Amino acid sequence: MLMWIIKRDLLLAMRRQSDVFTILFFFIIVVSLFPLSVGPEMNMLRTMAPGVVWVAALLASMLSLGRMFSNDYVDGTLEQMLLSPQSLSLLVLGKALAHWLVTGIPLVLMAPILGIQYDLPIEALFVLTITLLLGTPVLSLIGAIGAALTLGLRGGGVLVSLLVLPLYIPVLIFGAGAVEANMAGVGYDAHLSLIGAFLLMSLVFAPWAAASSLRVSLE
Amino acid sequence: MLMWIIKRDLLLAMRRQSDVFTILFFFIIVVSLFPLSVGPEMNMLRTMAPGVVWVAALLASMLSLGRMFSNDYVDGTLEQMLLSPQSLSLLVLGKALAHWLVTGIPLVLMAPILGIQYDLPIEALFVLTITLLLGTPVLSLIGAIGAALTLGLRGGGVLVSLLVLPLYIPVLIFGAGAVEANMAGVGYDAHLSLIGAFLLMSLVFAPWAAASSLRVSLE
Amino acid sequence: MNWSNLSEFFSMGGYGFYVWGSYVVTLVCIVGEILLISNRHRTLEKQHGLIFDINRKRDNK
Amino acid sequence: MSINWFKYSSPASFYSLAGKITPIFAFAAVILLVAGLYIGFFVAPTDFQQGEAYRIIFIHVPAAWMSMFLYVVMAFWAGIGLAFNTRLSSMFATAIAPTGAMFTFIALWTGALWGKPMWGTWWVWDARLTSELILLFLYIGFMSLQAAIDDPRRADKAGAIIALVGVVNIPIIYFSVQWWNTLHQGASVSVNQAPSMATTMLVGMLVMVFASWMYSIAVILKRTRVIILERESHTAWVAELQKKGTVQ
Amino acid sequence: MLQGINLACVRGDRELFKNINFSLEAGGLMQVHGPNGSGKTSLLRMLCGLSNPAAGEIRWCDKAIHSLDGDYFAVMTYIGHLSGTKDDLTVMENLRISSALAGSEISADQAKEALEYIGLSGREALPVKVLSQGQRRRVALARLLVCKTSVWILDEPLVALDVAAVKLIQGLLEQHLLQGGMVVMTTHQEIDIAAASITQLQLA
Amino acid sequence: MLQGINLACVRGDRELFKNINFSLEAGGLMQVHGPNGSGKTSLLRMLCGLSNPAAGEIRWCDKAIHSLDGDYFAVMTYIGHLSGTKDDLTVMENLRISSALAGSEISADQAKEALEYIGLSGREALPVKVLSQGQRRRVALARLLVCKTSVWILDEPLVALDVAAVKLIQGLLEQHLLQGGMVVMTTHQEIDIAAASITQLQLA
């Protein structure tokens, strides 16, 4: 089941190969927009860099969330999945993992190159990549809850972002914070282990919460 | 025709008020996230402010582009519009204007308040609002081309950003530039008239280009 | 002649990494592009060969 | 001698014509490349300011020029295809894009590798650099859009629209970025401080520029041929080629 | 008046049909038959100008329809597989707005009357998304009652309709034909419609 | 085995039906009739557990279905108004993946066979989005051929199908019933299906 759902979603992504690339290029473009509007001073850009990269990753991951369930909802396949004898949480986990493989991984791989544009030192680039590697799955998992809730969308669009963003913000703060700590010469272990804790927690709870949301949304 | 299409889209937006609020909310969140991830130094924040607000406005306007035509496409109403005896360019103009009324105007109204968060001087706030007022319709108009081109392509949401973001860049540069010029005590008239020129140009050409794109996409 | 020996040529006055980095990547791009195109061409040929084979089989029947 | 140009505007006859002339351009490209590299590395003297690092110029400048030029050519053919519904011109545009994107990438890459020793940083947000980066995005947008559309004729038209909109924007972007940058006297270094070139350097560079030209033409012709085959595989003339066994 | 000349349709690498010829006069009905996937929808979309034939030409009053553009759209109404209604708008709003966009504005009273006729009275203020499948179809078909066009191109208009509604549509079509209108339609259900002239077009 | 007890359905401020009782044994067919908007779809969605009845209870083997959850889903297949196919996947992939997700993995050969039976041979590798309306419906219905469930709940399965396909489905249902399966279905078309026991349920 888990394998099939991941396989299916990856297959769908492959059919639209451009999908993966476009998410990636969205990320690149957003990161490159900031210097254009803020100005080319390198010192300032370097300070902004971790925040900008993290916000961009968050946006790229969030933008593609909409598709996580809504396509399946519109054409009735989600209905069928709900009627499947297997556990719905597992299914949601599969979909979140597929989402991460398609959107998260490319961002992680791209981030160091973008960091160079902002003239980040090598070690900071490394920390940035690690935090993204740990953080992006959290975004996909938490995002799954939001995506599931927005399916019903009875005037609750704002409510949902209000609900999900407080969960995103800690990841963002600790993610960007770890890089800044490193650049300031302070240790960043605490940041990393906190993000790790978020990851574990969301791995356990998010699929379940998203599955319940799905049942509510489709009633 | 123009009136009817605007009326229709505004009505739909009213029905889904949450959509309007999410865009606004997104704008606020993006702008407010930056101090969180960059750090609290006021001088630096003030320098960043115009750029951040403009990038956020650009992203917010872009986020809602996907919906401009795709909803109408899925339920067959777009097909019907293509078969309408009236000019398709006019229709596209109407839809772009409606998009601006729903997404652009709230951003323009919100921007000064967010500017205060970044401690911008009053005059800079004023300039920021003016540039947004002139610039956001350009975003909607150019965005219409991208939305029309990516219609019916899965993953269109991200593809659209890839297509339109590079085209948004001049508006972004002059929009943020005007505010920075004002803060640096330089005149900003040239910036404003350039944005005005962009607006005129896109008013003339964008509906036509978007209409041709629609015909191509629906063939 | 600018270079007295090979190692001098490769070190490029200390800028070897940058100069050769540029040239090697360019070479890789060009070779890659040529390979990609001829690959595309070859798969096409194979496909057409296949169609051709099927046609022949049908003709024989 | 009068050539019937219309004859070659059909994919079938263009296919065979291109097959004949491609080797000529490929050959010219190789000759010029060897000559250019020889001049660049063995004839041109060491630059007294930049040392040997300046030898990157022999690929950097041709690549940068080609990247910009190819975009215009691509938009031109795409526009012709859109206006007159000629299949061949649209195929040209599709064939040019990857090569253009490749040259853009090379210009960026070599520029970055040049910037590190010269300016001490891989990247600055200077006008020329930024607009070259945006050019890469425009190429990628064009290619992604075409890749996302299954029906080739729809892809042609959609691509043409975005290419034309992009070509209008390129000068706007270039000047806006330049102005943005000069208003903000941020970057202390600029590509404008190019060394006054020795004649041999200039000659080497120009030879390399011609080599890139020949290379681009050869590759684009070859790719056009592949695209023609892919799209016209069901037609009679391709079947004819198959029978003769002359698909290549 | 509406003529198809040597029409051909190619989808992917499949040729769906070729050499289709027909001519439809005022008061004429053309029924397009054929199994699933034989190209009925493709043909109808060509007839209304949404796609171009691979070969051949479609003429309205002896002019190619792609040269007429808006003029042809002004006399033609197409209702396809998709309902063309907005889920979030009410039944009433849907009808009024879609007519207005199609070029004929109607008053609330006219709309009410049409909706009553088509069996949706009491549902005028409901958003379309809560309606049943058959009721959505009726909303789409209600446009036929208020439009003033003469060529109707209907792709399986009877799908999801109950027996009473099928009768209703049948009557509506007959009346339209009697007044000199033209109808091109497909359906897999048996239906008898009286018309001055009936063309049966069978696709393979 | 499948029992409905005093079922009622309320939508908005409208009561669609109440006091619906039925009981369906192995080999039994239940046809739900009623005009558009009478609540057939609403009833069927209750029966398969997608929504809850306003009153009453649905039982499978004397246990309320909401207490069974996965166990009930393992014996039940629902095909509704929406086709439940992914536009971007090919016909073959759609069938194999949807079966796997429904709990029964099938081999490519089995899928090929089922698709051939349902009349889609030669289309296995096409993405569903290019198919005709009737062909999409067939893809959805092909699941019935490969699933091993006993309760089939079908909401207007015959919509958009041509005459040959209707015959095919009819045969398929009869065979299923003969083997002791159960079918609940709605349709506006006339169709005669032979079954050990037939229940006709008429909604107002």
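In order of appearance the chains are A, B, C, D, E and F, and numbering begins at 1 in each one.
The rule we apply is simple: a residue touches a chain if its C-beta (ideal position, glycine included) is under 8 Å from a C-beta of that chain, and two chains touch if they have at least 3 such contacts.
Just so we're clear, the structure is a prediction, and the values are computed from it rather than from any experiment.
What chains touch subunit D and also subunit F?
Expected: A.
Among the chains, which one keeps its Cα centre farthest from the Cα centre of subunit A?
Computed centres place E farthest from subunit A.
Please work out the Cα centroid separation of subunit B and subunit E, and write it as a whole number of Å.
37
Report the inter-chain centroid distance for subunit A and subunit E in whole angstrom, where each centroid is the mean of the CA atoms.
Centre-to-centre distance between subunit A and subunit E: 45 Å.
Using mean C-alpha positions as chain centres, tell me how far subunit C is from subunit E in Å, no decimals.
Taking the mean C-alpha position of each chain, the two centres sit 55 Å apart.
Residues of subunit D that touch two or more other chains: which are they?
Counting only residues that touch two or more other chains, subunit D contributes 137, 140, 144, 148, 177, 180, 184.
Please output the residue numbers of subunit E that touch at least 2 other chains, ranges allowed.
81 - these are the residues of subunit E that touch more than one other chain.
Spell out, as numbers or ranges, the residues of subunit A touching 2 or more other chains.
Expected reply: 12, 15-16, 18, 22, 25, 29, 36, 39, 71, 74.
What are all the chain pairs that meet the touch criterion?
Listed in label order, the chain pairs in contact are A-B, A-D, A-F, B-D, B-E, C-D, E-F.
List the residues on subunit A that touch subunit B in their complex, please.
12, 15-16, 18-19, 22-23, 25-26, 29-30, 33-34, 36-39, 44, 47-48, 50-51, 54-55, 59-60, 63-64, 66-67, 71, 74, 153, 155-158, 161-162, 165, 169, 172-173, 176-177, 180
Which of the residues in subunit D come into contact with subunit A in the complex?
Residue positions touching the partner: 121-126, 130, 133, 137, 140, 144, 147-148, 177, 180-181, 184, 186-187.
Which residues of subunit C touch subunit D once you look at their complex with the stated criterion?
Spelled out, the residues of subunit C in touch with subunit D are 1-3, 9, 12-15, 17-19, 21-23, 25-26, 29-30, 33-34, 37, 40-41, 44-45, 47-48, 51-52.
Which subunit A residues qualify as touching subunit D in the complex?
Interface residues on subunit A, with respect to subunit D: 16-18, 21-22, 25, 28-29, 32, 35-36, 39-42, 45, 116-117, 119.
In their complex, what parts of subunit E are in touch with subunit B?
Residues 48-52, 70-71, 73-74, 76-78, 80-89, 93, 97-98, 100-103, 105, 127 of subunit E touch subunit B in their complex.
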